[in-house]
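What follows is a pair of complexes built around subunit A, which joins subunit B in one and subunit C in the other.
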Partner chain A sequence: MLESFQKSLTWVHTWFGLVLGFVLMSVFFFGSLSVFDREIDRWAIPETRFGPQPLPSYDRVLAPIFARIKPDADELAMGEARVGKPLPAGLPLKSWSVYTTHRDPVLTLWGEFAIDNPNAPEDHVHGHITIDPRSGAALPGDPLAIGSRFFYPMHFSLHLRWLSLGYWIVGLAALSMLVALVSGVVIHRKLFRELFTFRPQKNLQRSSLDLHNLTGVVALPFHFMFALTGMIIFAEIYLPLSETTFKPFHDAHERAEAAAKNLPLKPAGVAAPLASVDAMVDEAKRRWAARDMPGEVGWLIVEHAGDANAYVAVYRAGSDRVSLVGQQIYFEGTTGKVLYEAPPPSAIASISHWLTGLHLQHFRHWLLRWLYVLGGLSGCVCIATGLVFFVNKRKRRHAEEGIAGARWADALAVTAVLGPLTAALAMLVANRVLPGALPDRGEWQERTFWAAWLVSFLHAAWRSAPAQQARLAPAWREQCWGVVLLAAAAVIANWISTGDHLLRTVSARYWPVAGFDLALSCTALIAGAAALRLGRNERRQSAGVERDDALQDDDGALEAVHG
Partner chain B sequence: MAELLRLAAFVSSLCGMAWLALAMPAHWQQVRGGARRSQRAARSLRGLGAGALALSLLLSLRADHPTIAPLVWVMMLTAAAILVAVTLGSRPEWLRPLVAFVPRASTRDSNAA
Partner chain C sequence: MITQHPSRLHITSRVAASLLGSYAFVWGFVSLVSASSLWAGVPYDDAMQLSSWLGMLLFVASVCGAFTVTSLARVWAVLAGGGALMTGAAWLLLRGLS
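Entry: the complex of A and B
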């Protein structure tokens, strides 16, 4: 019974792991980069290389900028696609908001505009302006924030916007991750006995299985919590109950909540000016301090902006907590009177905030950030070694039977493992070498990203041919050299284009850029070491001394189990 | 102060993971060569390991807000386990000082290992 149960789970682990492993690799890799998304933004937008700033005065600095926000062109295009006809000029304003953390030097101001969509009454489009809070000047040209506006959305949506397909694929991948973890634990016969086992000197198959088990088991709490909380964050997309089955309950709850909080749910339709928001912010800070949790503003929303029913919500930044923001206080827009002060969250709300906060990590804790990167990269190692194991196990048999399966799995593994790295690095190099005046500079960087990934695939398809003869595919080694070149080029291009070389950024202790340049340098070194080692193995193999597909030592049972 | 506490918590989880690993016959062999370790030594290594991991949690709780500390601790355990595994795989002798206090097993109970 147990035997056949393990066998069927082995099948599940192997095939779901293979198919969704290609996606999961990107999710883990870009997730790891997203831990430092704001720091990558500083690297990619040199004019924003200065220290984090607190929220500037609303009345003097932010108010005139909010008034200038218009809907973004791409948001309008998507809105028109949803409605099915052109949108009128001068869409009615719904709200203004601004969100900041202890890591943000620049500030993005958002506006939300209602659109008339009979199928979705709450439908709206966004507009934004990013400013330097020190001067209030808008950032010229709206440069692409590679970390927070490209790598981060890549992590959870793969940039597949059509039908929100990316969210669904990533959600399915997260679910498969949970399945892979549970089935992996069941089919792993020596979970505890081999907890610390890593034998790098043994053959490829044994050492990659060791590494697969090691990174899968010891980082299991991380993998499990992140796959789970990732799905919780997007639960509204996967199970849109509040918009379907429970729509009446949702609407009734919304009305009851607004009534209980004394907040107007709809605009009055009468224009009215806003009272001093700075005074509201001061009052909020005073109340937080009185509760023995002094803090800064993390999120500020002006709902029904410009209307007599306007209200302002001021949220405390959760830098010292796991929850993103909280302790919100609502003010009447026209008078500045406190309408409602949120009580301490219920147990369920606290758990929910903690779960999403631990994933989105806006807290101030550099050690935990780096530990998250370690967790994310160990996920990458786990998936990559799983793919290597899969290919190696079948390579020899497929070669003898003339099947090309293992060869193509190998090519896709190279594309999935080294492709994202190549694409991200090529994008960073493009970010530093493309002329500053180039129109659509951000789009050209994105095109470079996808083109580099395509090149990685084509190269992998071409140079994985030896895998068909059960040999190591040179694609791995050659793309490692590509990574070395691109990572080094990124560091050098940053130096030449901005003058910020490592000696300068390290001595100035400007860690966002110094840290990223150091990470790029380490990437180059590790990829170089890997390429040299792969080269040695290829030479040894062509000399015909080594089989790398067998688990020769103590137990063949493991091999059988691992499908 | 918080930084020192976190460092202490990490060192403690590292020692804890190493002791737990060394309670296993295979890893003991890697570190102490042919000398087998007694059943009693294995038990005390396991106890020490568990104690060190618990201490590391206490130190984390002293360093950080109770909502953040468990996250830091769990991630430290992961980092420590990876480091111990990699050390055992490449430089097992580096862990020898951690078991310097365990005497060579006497012939009487060595079979029990």
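Entry: the complex of A and C
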């Protein structure tokens, strides 16, 4: 588009990076939080602060609880909206399922109920009960699991359900990340040198570009693999061939597969009791061990429960490897006889399991888990410094020409970088201070999250005005102080409301809560240090000591090339 | 070759080509690779997965290419035209298969 290959790619890097950077920041930030989603759940639901539990006996503990599951009220409301009329009471049961990992103390049991929708034959609604597996008692009040049910879906859907818009925006952001990485490498070409270059004492522009290059290059394989595997995981949403041009082939393949597995696709309509599921679980474990892959059950499904055509699928938990292999075994519900055992995966399927497993990390490996967090946060630093660089490069020129572009880019950068942090922290504080008996307590926490983000935007729009005069926007410093206050408040509120202060949780080695409180404390310290430094720079700037866009050093030429 | 700043219309058209044009191109490519794989006897899931991985990588290259190829007309012709051609070829292959 421009006069050279390199300049054209610089344009792409700059503008795709800016526009999608605002979204990418949230994807990386909430993705990093999702690595420890279960641990955040423990922090947010104090009554579940105990060690991970094995799957209890189906026959004795789970079966009677499954029988109690009714469709959830919000699921019923959404189902009625899809069908366009009230749903009858006593919807027919489709399936029961339960899913657990090596990090779950509590267990959620799910039920699927068929609804009569002429436009979607497989349409259904869900119901669930969360239990303490040690006693089988239901967790009262169905508290919101902030980590796994709010931050995690935020990471891949932005909670924008309408037309799956969130998935598409996140997919476009992932595509832009890959484009930014490729174009970034082409722009610089001095990758090795950038691994070792960070000059924090130079001017803001120089240090932010150093840090942008450093985090981009050091974690390049991580960023590349995560953006790519993220797109691959949702490939069927982005390229719905199986639902459109390939539908006849897809359906024929599904029928052939079902015929090969010998699984009944439809209920018989005749009631029949289920054989011992515990015996099926034992048999599945025996067969996995015989394949030299002994393991625990991660996912268990009872299809057509209570019907003569019932069958049970038992999946292996993926705690011991990157690759997300199910190794599922299917049993006939009424007899417990093995119907089908998944064969060893094909070469393509093995790669697919590995790529998916790499992104979804079901494995038990705490060091690797922390490296994921560091990789994700380095992505956040890379995006944030890119946004800062964009603004500072244009601030003076825009100020002289009377253009407001840089100022609004700065305001949006504050909203994109500090907004998610502010919103997440405000939500955690709300989680600890809202009264326990408040109806819709989960919804109030979600409202706090969005309201705090809105406040972050309004504040950034107001307090970025000095950027119009080519000065540092006070919004950055003030929101850093906001982060300090909220992070400290979250730790203290956890202490007051549960008695679990850091001394207690660390000495008890209860890492889910101790680790999260430590992470919150570090957040407060880092934000405080950043706020102090920003304040110093603002004072120096008003004293006229330093022009923050001074590019008179010998690397000015390199920067001139960049955006 | 453009030597001065490109016009607003030119930039809009470039961005549209890089995203919509690339999407059409990738759709056609993935359709054609999947259909040819099915034709060659590759199992359904393998065919669809392999083609979509290649498609995602192609998407990245195509977005970059849409900005680096000098002639915008050629970008649109290759992406939209190529996408339509490959989608058509895939459709013919699938018709022969069913």
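Some points to look at:
Criterion: the second predicted complex is superposed on the first by the 554 of 563 C-alpha atoms of A that agree within 3 Å, B and C clash if a C-alpha of one lies under 4 Å from a C-alpha of the other, contacts with A are read in each partner's own complex, and residues count from 1 in each chain.
We take it that contacts are C-beta pairs under 8 Å (C-beta built on N, C-alpha and C of every residue); 3 or more make two chains touch, one makes a residue touch a chain.
Just so it is clear, the model here is predicted, and its values are computed rather than measured.
Room for both subunit B and subunit C is found when the two structures are superposed via subunit A, with no clash between them.
Contacts of A:His365 after superposition: subunit B is touched, whereas subunit C is not reached. Contacts of A:Pro248 after superposition on the shared chain: subunit C is touched, whereas subunit B is not. Touch criterion not met for A:Val491: it reaches neither subunit B nor subunit C. In the superposed model, A:Leu20 makes contact with neither subunit B nor subunit C. Of the two partner chains placed by superposition, only subunit C is touched by A:Ser352; subunit B is not.
By the document's definition of touching, of the two partners only subunit C reaches A:Ser8; subunit B does not. Legend: residue contacts after superposition of the two complexes on their common chain; A:Pro200 is shown touching subunit B, with no touch to subunit C. Aligning both complexes on chain A leaves subunit B and subunit C separated at their closest CA atoms by 19 Å.
On subunit A, the surface touched by subunit B in one complex and the surface touched by subunit C in the other have no residue in common. The touching residues of subunit A, when paired with subunit C in their complex, are 1-3, 5, 8-9, 11-12, 16, 172, 175, 178-179, 182-183, 228, 231-232, 235-236, 239, 241-242, 245-246, 248-250, 253, 346-349, 352.
Those residues of subunit A that touch subunit B in the complex are listed here as 193, 195-201, 210, 214-215, 218-219, 221-222, 320-323, 354, 358, 363, 365, 367-368, 371-372, 374-375, 378. By the touch criterion stated above, subunit B contacts subunit A in their complex at residues 6, 17, 21, 24, 26-27, 64-65, 67-68, 71-72, 74-79, 81-82, 84-86, 88-90.
Subunit C makes touch with subunit A in their complex at residues 1-3, 6, 10-11, 14, 18-19, 26-27, 30-31, 34, 38, 43-46, 48-50, 52-53, 55-57, 59-61, 63-64, 67-68, 72, 87, 90-91, 94, 97-98.
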